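In the two assemblies presented below, subunit A is common to both, partnered first by subunit B and then by subunit C.
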Partner chain A sequence: MSVDPAARAGYPEHPPRMGFFTDTSVCIGCKACEVACKEWNAVPEDGLALSGMSYDNTVGLGASTWRHVAFIEQSIPVGPPSAAAEGVRWLMSSDVCKHCTESGCLDVCPTGALFRTEFGTVVVQDDVCNGCGYCVGACPFGVIARREEDGQAHKCTLCYDRLGAGMEPACAKACPTDSIQFGPLDELRERAALRVADLRAAGQDHAQLYLNDPDDGIGGGGAFFLLLDEPEVYGLPPDPVVTTRDLPGIWKHVGLAAAGLAAAGLALGLGRRK
Partner chain B sequence: MTPEPKGRLKGGPVARGKRRRAEQLMVPEAEFTSYYGRPVIKEPAWGVPDIAGYLFLGGLAGASSVLAAGAHASGYGELARVAKVTALGAISLSAVALVHDLGRPERFANMLRVFKPTSPMSVGSWLLSAYGPLAGAAAVSDLTGILPAAGTAATLGAGLLGPAVATYTAALICDTAVPGWHEGHREMPYLFAGSASCAAAGLGLLTLPPEAARPARTLATLGAPAELAAKRLLLRRLGDIAEPYETGRPGRLLRAAELLTVGGLAGAVLGRRNRAVSALAGASLLAASALTRFGVFEAGLVTARDPKYTIVPQRRRRGMN
Partner chain C sequence: MAECHPVGFQWVMEAKARGATVIHVDPRFTRTSAVADLHVPIRAGADIVFLGGIINYVLTQEKYFREYVLNYTNAATLLTENFADTEDLDGVFSGLDREHRAYDFEAWRYQGAEVSAAAGDRDRPDGNHGPAQREVRQAGRGEAHGSGGAAAHMNPDRDETLQHPRCVFQVLKRHFARYTPDLVEQVCGVPPEAFGRVCELITENSGPDRTTAFVYSVGWTQHTVGAQYIRTAAILQLLLGNIGRPGGGILALRGHASIQGSTDIPTLFDLLPGYLPTPHVHGNENLAAYVAAESTDKGFWAEMCAYTVSLLKAWWGEEATADNDFCYGYLPRLTGSHSTYETVVAQIEGRCQGYFLFGENPAVGSANGRMQRFGLAALDWLVVRDLVMIESATFWQNGPEIETGEMRTEDIGTEVFFLPAAAHTEKNGSFTNTQRMLQWHHEAVQPAGDARSDLWFAYHLGRRIRAKLASSSDEMDRPVLGLTWDYPVEGPLAEPSAEAVLAEVNGWDADGKPLSSYTQLKDDGSTACGCWIYCGVRADGVNQAARRKPGSEQSWVAPEWGWAWPSNRRILYNRASADPAGKPWSERKALVWWDADAGKWTGHDVPDFIADRAPSYRPPDDATGVAAISGIDPFILQADGKAWLFAPAGLVDGPLPAHYEPQESPFTNPLYRQQRNPVREIIRHPQNPLQPSGSELGSAVFPYVATTYRLTEHHTAGGMSRMLPYLSELQPEFFCEVSPELAAERGLANGGWATIITARAAIEARVLVTARIRPIEVQGRRLHQIGLPYHWGANGLSTGDSANDLAHLVLDPNVHIQEVKALACDIRPGRRPRGPAVRDLVRDYQRRAGITEHTGTEE
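For the complex of A and B:
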């Protein structure tokens, strides 16, 4: 069942839900997306050290890295089976905020700094966030983080400003291979289904779509991916479930525990001093 | 103490109780892949002294208000006063710790900008803003003798909100992607209620002669067993993810807490006529509560840092391992 997050957030009329389809099978690891994102959004420098993790020196998404290209080097057999030769398969994937249909960061934000846009995306308001850090621990993907310099939470806005002006996000604009595709989510899902079928027919047995399913643990991602291996290989959780799905149960147990403590207090109060 | 080999995660009960299968207990060490060993989720941006301390202080305050109301109603005036002052002190320190932990402390008032039941922190902020003044009024009225009727009403009000203050912090930490907290959400509130009771009872026993602290002793005899039982159930539920609760620094904190809880309970019961034993028992219970909260907090952080605690249970949930 597909949920319309913008309608649920109270927009009676709104544009179609927009998102990213990141087809990692054509990513060449150029990092143009990382650079374009930094440039357009004026995201500050995030360390210039070498990580030793292949060509990945940004290491992961964070407060000041909103697109992150992962590089995975895998040993694979090459040539005829009799040769028993080993080659390298190089997986590259540009990661980004998933703009979840059921968004943990947005649910737990106590100030309302995180909000759902009319495009169905999730954005932090810099002038409201008080840096409580709740969103950081609530994200099942480790996307959002608090920036040391200003003490506030930051993440990808899916270029909310550019969307408002009818433009595509900077990363998608800069991507030279169309690995990052931007558009109405419905169209992207159709396109992705065709692409993964092609790849599987071509022998890519592990090719899989990730977060494209509206029935998954986050209600589907506004940004979803075509991966050539299991999600955890790319640093992604294999079966993320938004924490707030369990919140009714959590409140129930808190209520029962509180009632127990109140009952203890009542028992004390009914006693008489001897 | 023998150091546990790192990377136990071999079978054991699955995080989701229903899917538990006996044969998984025999599964060898789970194979899992990660991205260069990097964590999948981000460690919560919460400071250990600030927020772990708040879990303790908030519990101490909430349960002290419960104890204060009970002692007030049953004629234990000295205990009621100690508990009211404790509640005010603990909740004031809590407020300082909470504001200090913000990235933008000057924007603390934004906590009351909206009310969101989906955010335990929002619910807690509103709760504290109602509870804090009541706890304050109860203490000030008791100490000064001003407006005794209003003081009694405030004591009752704080006593009614106290249980929520002492337990909502379980929702606060469990409503996250941190496996070691989230998967324990069915047990954590009871653990916190028990631990908070021990803290409040402990302070009463520590500061007053045993005959004046009888309700505190009763609260300890209710809270300590509840806490011990809830912790057992929590660890059983967590299965593999319980590893950080039993090893390393959080493991040591929690083991010390358990010994102090058991010792404190025994001392409270057996030392009911001995001031020194009773006070020592009280100190033990108080310390145990603090150690429990720091242990739970730090164990959760370990499960956030190591990707295996995120990846292996999720793969198993999908039936991939």
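For the complex of A and C:
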């Protein structure tokens, strides 16, 4: 059962839920998404260090990196199995905030800096953020982080300002091969299902969709992916779960425990009084 | 292509999504390889064997498109008995003058028709052979001839059965007979299975119903045989019938925007606009002699006088009259080759004292960077116009030679003027892409601060010079004072109107009305046109290049997006898309066709043919010019109307491509005794020492092959990327790419440092160990290739040594391009020595390899 996160957040009338479908099978690793994101959102440079990890000097998402193209070099057999020749496969994948249906970061934010938009996306307002950092540990993907310079949490806004003006996010706009597709989530899911079926029919046995399932541990991503291998290969958690999933249960236990303690205290106090 | 042209690559991805097979042949495994259907690793510098092998497959397996080949190419044309092939002469063609390292083209010409001079003699009407003629040849007339202006007999003898032993088809067969799959494996390191797969894929996808396109970049051109790489592809595409047809062709992807435009309206020393050759001092004395020497008897180059006179009228206006040869005498003359690398030598030797750099960073981006910097340091003055402070503007302060002590800032006399330039978003103008399509761009923001457009700079510099000369009566100043230098200026910066320049380029008639086609140009001075092939870009006074009608609102040819020269044709020589009778070869590949009822050519594209010339038309023997083009001569700019499998003129290093090893190679040429291109252009200079090759003593000192290239994240010599944080952080340092095997062999660690050494320089780079670089088996030996992106220098946020410092200056003789795609070198772990010690290391390598001034200059 698909949840409507915008409706749940209190928007009675709202546009369709918008999101990203990142089809990594056509990614050419140009990193235009990374640059376009930084240009539009004025995200600062994030370090000038050579990583030694293929062409990936961005290394991961963070407060000052909202799109990250991973480069994974794999050895694969080529030709007939008897030849035992090793070829290489170079996987590229542009990672981004997943804009989860069940968002841990949003759940734990004490100030309301993080909020759900009418498009169903999750945005952090840096002028409201008090820098507590609860959201950082609450993200199952390590997406959101605090920037050293300002102490505040930052992440992809899915270009909330552009969406409001009827424009697509900067990364999707810049992507030359349509690896990053933006649109109503329902449509993207349909398109993705067809694409993965095509790839599998063409012999890509490990082609799979990631975070497209509304019944997964985050209620499905507002940003989901077509991968050519297992999520772990790309450094993605294979079965992510919203970190606040058990919170109601925890609070129930906490409440019971607190009530018990209070009762005990009362009893003690009463006893002392007595 | 994905690596350097990611935006253009979207169309390859779209073609792939529609079922196209993408094959990538490259020494490296790049971002293109990652999404290709088939990646074929190849030894750098071996492509003529690879392509020649496919040609041999096509010929021996009879996969060629016979009707196309017979009618539209010179396959049936006979050569004279004087022609001798590389197969006959062990690696050289007839006509080689070894002493002067030049070919006499006489022996390459067609048999038959009346005797006329071959290309090399044409601008020497007296026909004398001698030093002057060689100078003319060395002046690089190849560019002009390549456009079709080269001479050939218009009615040569033919054998329609293709059986005559001296017909081009049979010559071609014999020439490539030894380019077998075995040879491909030996020379290129490509196993027969992979090679066979490529042969099958290409031939299965060519013919009446299908076409195959080739895309290349500087991986083909930057060799001592670069022009011949392209020629090999041209021969293959002609045999398969893939030229002049939709989905076919050979597409050159350039280093940056509008390189096509910069040859059309050239920044080259040997060309005038529209591929008219620059006159030479020893011929071409007057307009009549120039036209007689440079035009053809047949086809549209026969109208060259009209193009030239119209150009002179555009430049000198009223001053150009029939009485003064239309100011032809004002044109500068060539005295020899004045290519960029020869100019560097002239700088060092003090013959070139002042220099302009417009958006070019030779201290990083040109081969043998040390020579570049020594040249700049020897100038009196240097003007650098760039977006940022590039290394070519700061060599006197922080160049590598300051560190080695070879230069001292206080000793360098060069006065450097740095003038900030406007970016393309800050000015109006056009880009011409590889499809010859002009696209107009508009100024989005005014340039900041002192930054100005190149047009502003050129116009106002000219205006000031003319003001200074205004009172001069010296004849020498007439060419400058007589120029039509009257462009209107606009806005607060007094920016010259780019539209006004476009109007001059397009041309006008005697009444000042815009012309619409180059066929309107006259040789009587009644028309003016700044570039004949661009005539029509402003037809009806409308900037046709600024059209942006969406593709969804017009036909698939999209004729209303921008404007393509000539005459808005999107596919050149498209008469070849129809059969000899004028019918499309297939419905699927229909482009233009003969409408017999209407008596004219029609179709999706603008027909590239005389509109009413019936396919059945055969010219009388005495016809000349456009009238001499028969109904089955699609290649209307060629002197014989046919595409050239065999090039009787136009290339200075052979009528057919032959494999020569790169200037510096660990291998001996297994095909011929001739190791290297016999007429390659060698810049002889102490700063340009050359290495031994193959079996020569000392060759083993440089056992590996480096190849230079670009990364998506940076732009050429880095001026547009290394200063930008968002790009620099993506590739923050210079690195080399090596295979795990080479890393183990030389003790290189991923993320560590390596020093790479040639006879010119030693540079250091961080190490990226990757299985994407694979050793290959060549002539029974395991060869390691080293990848060297070349973007770096000392300035900016992302810094490092310059890979081009390693390169030598031995050039392709046709176009004077450097060979940086295959360089023998050594690599060792650790950083290079600092200070003067780095030169000691290089000298030690030179000594160990036994390098003298003669090394590498022989065969």
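In this text, the second predicted complex is superposed on the first by the 255 of 274 C-alpha atoms of A that agree within 3 Å, B and C clash if a C-alpha of one lies under 4 Å from a C-alpha of the other, contacts with A are read in each partner's own complex, and residues count from 1 in each chain.
Keep this in mind: contacts are C-beta pairs under 8 Å (C-beta built on N, C-alpha and C of every residue); 3 or more make two chains touch, one makes a residue touch a chain.
Small disclaimer: the values here were computed from a predicted structure and weren't measured.
Applying the stated contact rule after C-alpha superposition, one finds that A:G164 touches neither subunit B nor subunit C.
By the touch criterion defined above, A:P77 reaches neither subunit B nor subunit C. In the superposition on chain A, contact is made by A:A257 with subunit B only, not with subunit C. Chain contact summary for the complex, subunit C toward subunit A: residues 2, 6-7, 9-10, 13, 17, 29, 31-35, 193, 711-713, 725-733, 735, 750-751, 766, 768, 770-772, 774, 797-798. Listed in rising order, the residues of subunit A touching subunit B in the complex are 53, 59-60, 62, 70, 72, 104, 107-113, 128-134, 136-147, 150-153, 230, 232-240, 243-244, 246-247, 249-251, 253-254, 256-262, 264-274.
Residues 32-36, 38-46, 62-63, 66-67, 69-76, 101-105, 107-108, 110-111, 113-114, 116-122, 125, 159-160, 162-164, 166-168, 170-171, 174-178, 182, 185-190, 192-193, 196-197, 214-215, 218-219, 222-223, 226, 304, 307, 310-311, 314-315, 317-318, 320 of subunit B are the ones touching subunit A in the complex. Taken together, the subunit A residues at the contact with subunit C in this complex read 26, 28-32, 34-35, 38-39, 44-52, 54-55, 57-58, 73, 75, 79, 86, 88-92, 176-178.
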